[in-house]
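Chain lettering (A, B and C) follows the sequence in which the chains are written, and residue indices restart at 1 in each chain.
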């Protein structure tokens, strides 16, 4: 099922070189600087409940495709927020999934699932209606064994470090527990999106959490800034090396402290408008960059997702259900203020991501190929795929080079898919480099140096891991 | 001239698989759910007049390339609206075309013409200045024979169904004639663009035609809606399974009935502004989707063409003369209202097209990979080409999968080019699938299933044919 | 080091055809219709001072990559405007460059440098820390020999014609000197960007220069127009066949003469706003097109660069230091006025360039495939690369054809890189055409005709050289 030459260029000469390059990095430890694994999973190390709860229900890549073909989320056991009854029998969910497994042909989800089935659970036939229950039984049997506990998997996966993503107001209790216990290498990432978004429905609650955790009053902008700085310091203490920021538009503009104070006060009074929130957000990106310059946390920026585009699904099932749709995203003008203020700072690193592939060659590679601070993150979300990663290398490399890119990250909440995702990335990079070698753009020695850099050295250097 | 392996990947292993896949679907009947063939052609079944009138004069793909190189449309016999004299000798037009045949090197028009020459008319040498008249003679001789009458061609082309595109105010007399006669399988498609565009110069005339055909007064918005609904019902009765809508920007927003009534009244009074027309159009897309939910007609949306960009050509020669230029097109925000209202409806299908290829991976595949209603139409117009179709598959498949796409449609008014266009699509799909097989993304059995789906099953399912 | 098959497709059949095609054009003379070589270089023919001053310091492609990795421009000997001391020892600059040569892996700069090292200076090993000084010595020794004087290189490079880029207020003294002397074929290009940009800090000075050179008062708009026309006539007399225009947004709109006069008067009075400048610029593109229709100078348009994005670098080191970042660029609406006014004129040629690759298939190829005046320039700046040129051919050819494109131009100020750049272009075109041949889109005879057209005939025809 898993062909050893998969994803390589079919030209025999190119394939041979790709295989050589891939072989060099195939078994290197996995460095995971950005993702959404729940730290509780590894802190508590409880067994995964069943195949459907592990592989289908929480994975919006899996469920969105089924939903797009008319299967209701209720049928897939997605918990509803409004009391709508949903399927509770994991086997019925699994059968439905198996009946529609052909939908994943040619998709990265299909590639990852095949890798998980065979690589993690030893299943070697294609899932379908007929063998659905047999496959379910086999995975279920695995999940009862100690070597399929989360920590056993973490170790078997050869994970060198795993960074999670955590709200500014998160207590990091599970990170602390693991550190106290001395197990693993799991680090938090500081993500203050709610705290800096005045229009977010949970803004006040998040501010209050930060206040409670830091002892700051949070009643003034100055105290708010101190609160954020205190949380950053705590995150660093818990091992964090990076922050992460999701915005719709990566607009940056500094306003003076009095203006920021006024917006903050309006938000506290419940009178801030959407325009106020936008202006405050643009200012806070400047402030967060300023903090990164000072404390050395790498700044990640993930712009351009229209979250919860499908209101009906959002209202019944909440966020992260596959209803986020990308937007065209502009970087050159929007980041002008931030890059002029901080882009030349030696100690500052800004990792840029995009859901708009047109920005690769037009804006992102030119920015990364000039500003010392700017580094390109790997293809994100919909573009974290065989074709998507190839397009990224084809469109970014000539202007940004390899050394202004940040290696791979798996960005996943689907824990058992981590090895599959890194494997795809290594194979695609091997393919791209092999194509450069057979076209005599670089020689084989260079390609061998670069494949190690892309798989390991760059991500460690960029994220200071 | 027509190599049996044309358009396949040159890698021998990939080519062999592509050929196997193509062979499986090569002779399947042609399902044509969207196009611009004049139904009168098949209803009257009169012989085509001459090679130039058949192949050059009406085909703006052919004439635009000649025009771009300084040949005047007058020289090509394009009928003028303003009385400017134009070439009337078909042989002189043909010679000019033959003298410039090298301009089509590397273009889909070149590929289609070669296929038509050899596949339809048995011409096996490349057209050029020297053999122009010999080729003309050969085609002309063909056109005098009964097997080159339109209906004979339709049957020889193995067309299973042919959908035309017809204004809301069209009487459908030719469709009715064919149905009454019991010949063929030619269906109309409901295209109410003029009727819903308050600023269109023919708006009032079209409204009046609808009124006359339906008995509606058309003096109120409510009556206008009833008129449209009555026409849809008649189109369905004449076999229609789909509607089609061309807009510059796919902006959707519902206004209340009173507001719609007010805009309609302004238009009747001749005082509607461009902004009124835009707002009414955005509302009517909502209404047309609502009607589709109710009557089951598949809704097609073709946005993003700046029509008649070249005013000088438009004024002398009218529309559809190769002067339409694409625009960047945004879908995520523009379709938000429509998809939130109707995108989750089980019975509703919205087929999206684009002239902006950047939307494939950024907006269209994510929308199709989530909303049950959304399906991606094939590459449209300038992108209905070997490279264009490959790009579409490369950019859309990983996120939308194969099963949220709608197979192929030829979208042509050039009747004899229909087999060539379907053949190119089947070859390109075979190539793409073969590349997935040799890269071990999918296996050969899956590829064989998918090629049949792409050539036949999906288009029939999506368009309910 | 320089493999004879470099950049060709690795498929053996395709590679063989590519090699045949390339061999046919490999040694054709270089036609250079657009670039930034300083005419003084060839007029005075003084020896190049040293390897670093020749190859590193003036080449922002080289220095931007080093800067992006934290090397300061001061360390690279870039002259500062503010008195900041900078490195003065060419050998220290060279060593730093050599230490970081791996950064150019996979970049066009890397490909060009390798070609220059081997093709111009006979260096056959890869540059690195260890051999830095040996390589320096070898180049330095070359530069002392008469066959490495600028004119000797010009002749050895087999340059048929070299067009420079010159401000409207340039005296063209060096062009005149060469013409008087009867040496070479170096032509100026009329670039009035400063003169038509009311907001440019040097606008008044440039206007005054034009006034002084033409005897026009420049105190009225009418006199300003006369001044520009007089300069164009002088440029033509000095051999110019083209003009060039860089704008941020290619917006075009004619205003009446009185309105233009009013804006011009405001600028003279120092009260013109940015909006005034924008409006005047949009009008002047119309006027410059009108002048081209009248005097036959080919009009080149280079839009979409956000110049001097990094203010800190700009203030210390000035323009053209690698801090220009592309912007998304719209052509369909922006050029509507200009193309409607002049796009059908038989004698007019408008060569369009872009930094936004999304425009190739969406806007530029459709415009070029229709308007007689529009021709597509080759991939520009960041996209003048192996991948970039392939993408251009893949995205533009099917709609624009080959014959609405303008061949290659090297657009360089790096004189010794000229042969390398043309060689890459010829190899890429050979690769693209070979791919069409092995896919049976065109036959080999057609490909042989097209490769000559792309390398030579088209550029001479389009630029009237």
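The definition used in the following text is that a contact is a pair of C-beta atoms (placed from the backbone, for glycine too) under 8 Å apart; a residue touches a chain by one contact, two chains touch by 3 or more.
What you see is a predicted model; the values in this text were computed from it and never measured.
On superposing C-alpha atoms, the copy chain A sits rotated by 120° relative to chain B, to the nearest 5.
By the residue-number overlap criterion, the interface of chain B with chain C counts as different, with under half of its numbers used by both chains. Chain B and chain C have CA centres that are 40 Å apart. In chain A, 9, 11, 328, 358 are the positions where the chain touches two or more neighbouring chains simultaneously. Taken in their complex, chain C has these residues touching chain B: 9, 11, 13-14, 328, 330, 332-333, 336, 339-340, 343-344, 346, 358, 361-363, 365-372, 374, 394-395, 397-404, 435-436, 438-443, 446, 449-450.
Listed in rising order, the residues of chain C touching chain A in the complex are 3, 5-11, 64-65, 67-70, 102-108, 110-111, 126, 306, 309-313, 322-328, 355-358, 382-383, 385-388, 391.
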